[in-house]
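In what follows, structures are represented as structure tokens.
One chain, chain A, appears in both complexes that follow, with chain B as partner in the first and chain C in the second.
Right, the complex of A and B next:
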């Protein structure tokens, strides 16, 4: 019985393992080789293994740490804002969505726009001479801020990302909120709990797993941001809006420093794996 | 000024700049061209003319392939390095020849090419002394200015006195308004300040100029003539890096001063070609240095109703050493992995004939032709006369500007210099970083 079970498991898992080996394993091996090689576009097929110089170059590059800091700040801030707004909308508009569900479709619209196109749209919308926002600010107040200036670009990018992805967080919270049994709310109301008390003591704790998942998903998405930032500000004045993805892209294509770019991606992969592994272990311990 | 949907859509179209794709599934000679804009239109016209020639067999007809301008050079680099045979002929530019040459083959030009283009223009497609492409379009810079505003300034004594006051306050000496064709960079700066409402509340325009200061290599090409006209270069004759010089300092400080004084829009650090054009076309900018490619739109009353009839162009202002404009060429060359090399070579040789160049120019392209050749189309394309004249008189390529790492050098300068302009680092640090990086990239 045990042997049959093992054979079945092996048969079922084989296609998945083969897929992972081909689609992820091969590029991963190539990446590892390139990361310890001296390599250029002219020698892509003949990498010369030279050791860990690329890793040293990456960790001693202040631009790499600056890009990490940008990505970390951006990922954390946008994830937090999106989840706060998403939760707020899900709870505040719940009575409306109970009666009519079509407004949800309107809220979902930003998700349908490709991030690069969203960046392009805001590049137009915020342009002082072609965009409606600065136009009306000038008309009404006689001035308009530099939305993409060196001191405000980060906040503008954060706002753009938040506006686009809040609906995603909202959707998760909406589903979680709807899944809370009505009896619980009714019982709490009978016990005299106010709306605020019901939210803090019953609804929010029940939605906590959703909140953790939403925060994690949105953080990962924000941390690896590329498209809309690249279209709106590129890597920014003096590299001020260089996310880690943009750092790797520019090292690879713009500087032709392929080994360095790949080494940075290997470091990112290792760090991501370590964090996810740690979170997984933490979750398991809590379940026990 | 009113918000105009037409202006917005024009801006968006320019930003998109590129069309997507003509299909080329079964091309006999597949040509990968520069998408969008007049280059694509002109290439389509000459491809049609070539295919109509009776001596071109069905196996050697030209099919065109286009993809988006965004990331074009990166994608091309990846394709060439991977040995792709998806195209036989590909686009190349002066600043990228060194990077692509290992994956391309030199080409043979027609016997007419030398007289047709002249050595200076042919050299924009050369690397290590070998011809890697047929020059199709030349890019350089014009000074675009509002003729109505400059004429009014020069005719008004009160305005002249105010102009002198402003120039003394910001530049340290009293200047008089001049014809833009006689401008030095100081005259340009003084005019920019005079026409800035933050400096001169009576200015008819919000800004005196618009600077493209985004961290982007093409913006450094626009800026670097300020340094070149003061005698600046990337390297000296012995190969030593020479950017840490008074010439570079002066050019960088000029931009910084104008930005800090509010003479250019506050968002200029995110501006490139399209944004600068939109600003100038709005009628709220008095003068700017911009690519020649903008001339057709900015001097057209239909496309730029606010300024089309009053916009004039001259060569960029002079520095203490010379007047200078960056030049680079776009051209077409032969992919080393081409599937149909003979067909591709035949097309490229024909493309370098007088007949093809004239057809290309008539269809909207911007080839830099010799005075004899351009006279044939001077009535239809007067801008090409100016293009050839300025390229010959003021055109330059920085020493190292066609090397394998030229693009990386521009990228480095863009990052460091925008860091200085935005106040994130001082000038000494920016120049020292660029000097150190260039020494590594150009060794």
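Right, the complex of A and C next:
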């Protein structure tokens, strides 16, 4: 009886598992094999296993480490800024959403726009002749920086990413804030806790799990950023805005360095697997 | 007084975050001459000529093709994801199958940079003749959608009282019968949410669209950038702005239509992810 049930359940999950095995499992194996092979577009189907040369090439490539550094910095900074602004807006504007929800719709509109299109829109916004930002800066201050130049590109991209994804953090904090029971706030008020004390001592600790989740999700998305950076600055002047995703993309499509691109993929794969595995174990131990 | 400050902060934040949309919308109604003399936010002489230019089909630029491609790949990538995930979600929620490994493994896919699969998928598609086809891109978007769709559906089925299943089993309904005749109708709101959410995600995808398509199956996120270099000389900003508005509108409308559900979905995704 138990065994037949088990088969039935397994059959139901089989299509999904089979699909993922073919579409992701097979590519993962290809990645592993190609990463230790001598490979070019001419020998695509007969990889010749030669050892770890590709990995050596990647690890000794300064551009690879620079891309890692860009992704790490970009992911940390944008995640932090988005969560700070999102938390601030969710708490400070909370009274506005009590009787109406349309303001939320306006705030979350940027989330619906493709990051690639958002990036293209900023090309217009920041354009020195057609863009309003330089236009108003010239009119009001008589000067406008080169937003996408080598010195400011990183900060411009950080602002672009933060402005688009702050609504995501805002929504999570908004939900968490609404979920705090009113009795708790009233009890704290009765005990004489002021608004600020209530926030630090009661509301913020209650929203801590949300804060961790929001930071983590935003960091991951920032770390693997591609779309908006690619359309705005590409790899940037001298590779200054090459994220890890852009590094892999360009190694493959622009330089045709398949072995290097695949080896970098495998390193990224192993790193994200290790991080996720660690986080999951941590979360499981917490729950116990 | 405090209320006024709150509204002011809200307006400022909404303005800052939606600024590119406002600028693009304004620019799309300006003539080329007005853009060169007036880059500000105010439109002096609104015109529809940019939109008319966009809608003209040429050999290199075909907005209808891009929109049709985006629609087709997003529809396939969403429907297939739900079709694959629904039975699996049933097995996970009711049969306790793979709760410890399968579910976390798939859910964590959301956090893996998908670019690492890009190169082998490209080579696999080249071998199978799936490059630059709607079917191929739709398959990849299915992978992108599966994790979140699966979380939504597992949560939805787990929320249905088990007594419903038991009553049906006593009446002799088979397992698949329970799934399709009882659970699926009860979970319809969650299925609709996952469909809309998946559609928006797939429509907005860019990396795989850029890599796996070149002409026949180009989605609008990639096709929009073609208009930037359309006329040989400088960028026609009015036309580019009109294209971006057209490409951004469908997911925006869908999102506005169901924004109340979206925040709940994101919460579910965040808690499980």
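By definition in this document, the second predicted complex is superposed on the first by the 269 of 288 C-alpha atoms of A that agree within 3 Å, B and C clash if a C-alpha of one lies under 4 Å from a C-alpha of the other, contacts with A are read in each partner's own complex, and residues count from 1 in each chain.
What we mean here is this: a residue touches a chain if its C-beta (ideal position, glycine included) is under 8 Å from a C-beta of that chain, and two chains touch if they have at least 3 such contacts.
Nothing here was measured: the structure is a model prediction, and the numbers come from that model.
J.: After superposition on the shared chain, which partner residues are touched by A:147: those of chain B (first), chain C (second), both, or neither?
T.: A:147 contacts chain B only, not chain C.
J.: Let me test your reading of the model: by the given contact rule, A:207 touches which partner, first (chain B), second (chain C), both or neither?
T.: After superposing on A, A:207 lies clear of both chain B and chain C.
J.: With both complexes superposed on chain A, which partner does A:174 reach: first (chain B), second (chain C), both or neither?
T.: In the superposed model, A:174 contacts chain C only, not chain B.
J.: Could you look at A:123 and tell me whether it touches chain B, chain C, both or neither (first, second, both, neither)?
T.: Both partners, chain B and chain C.
J.: First (chain B), second (chain C), both or neither: which does A:234 touch?
T.: The answer is first: A:234 touches chain B but not chain C.
J.: If you stack the two complexes on chain A, which partner ends up touching A:250: first (chain B), second (chain C), both, or neither?
T.: The answer is first: A:250 touches chain B but not chain C.
J.: Output check: A:280 vs chain B and chain C. Expected answer is one of first, second, both, neither. What do you get?
T.: After superposition on chain A, A:280 lies in contact with chain C alone.
J.: Between chain B (first) and chain C (second), which, if any, makes contact with A:67: first, second, both or neither?
T.: In the superposition, A:67 touches no partner, neither chain B nor chain C.
J.: Going by the contact rule stated at the top, is it chain B or chain C that touches a larger number of residues on chain A?
T.: Of chain B and chain C, the partner in contact with more residues of chain A is C.
J.: After overlaying the two complexes on chain A, where does the chain B footprint on chain A coincide with the chain C footprint?
T.: 44, 120, 123-124, 127, 129-132, 135-136, 253.
J.: Touching chain A in the complex: which residues of chain B?
T.: These residues of chain B touch chain A: 1, 3, 7-8, 10-12, 15-16, 71, 74, 77-78, 80-82, 99, 102-103, 213-216, 265-267, 269-270, 275, 278-279, 281-282, 284, 405, 407-408, 411-412, 415-416, 418-425.
J.: Within their complex, state which residues of chain A touch chain C.
T.: 5-6, 8-10, 12-13, 15-17, 19-20, 23-24, 26-28, 30-31, 34, 44-45, 85, 89, 92-93, 95-96, 101, 103-118, 120-125, 127, 129-132, 134-136, 163-164, 166-168, 171-172, 174-176, 209-210, 213-214, 216-217, 220, 223-224, 226-227, 230-231, 244-245, 248-249, 252-253, 258, 261-262, 265-266, 268-269, 272-273, 276, 280
J.: Touching chain B in the complex: which residues of chain A?
T.: 41-42, 44, 120, 123-124, 126-132, 135-136, 145-150, 153, 232-240, 250, 253-256
J.: Residues of chain C touching chain A in their complex?
T.: Within the complex, chain C contacts chain A at residues 3, 6-7, 9-10, 13-14, 16-21, 23-24, 27, 35-36, 39-41, 83-85, 87-88, 90-92, 94-95, 97-98, 102, 104, 106, 108-109, 111-124, 127, 139-140, 142-143, 146, 150, 175-176, 179, 200, 203-207, 210-211, 221-222, 224-225, 228, 235, 237, 240-241, 244, 247-248, 251-252, 254-256, 259-260, 262-264, 266-267, 270-271, 273.
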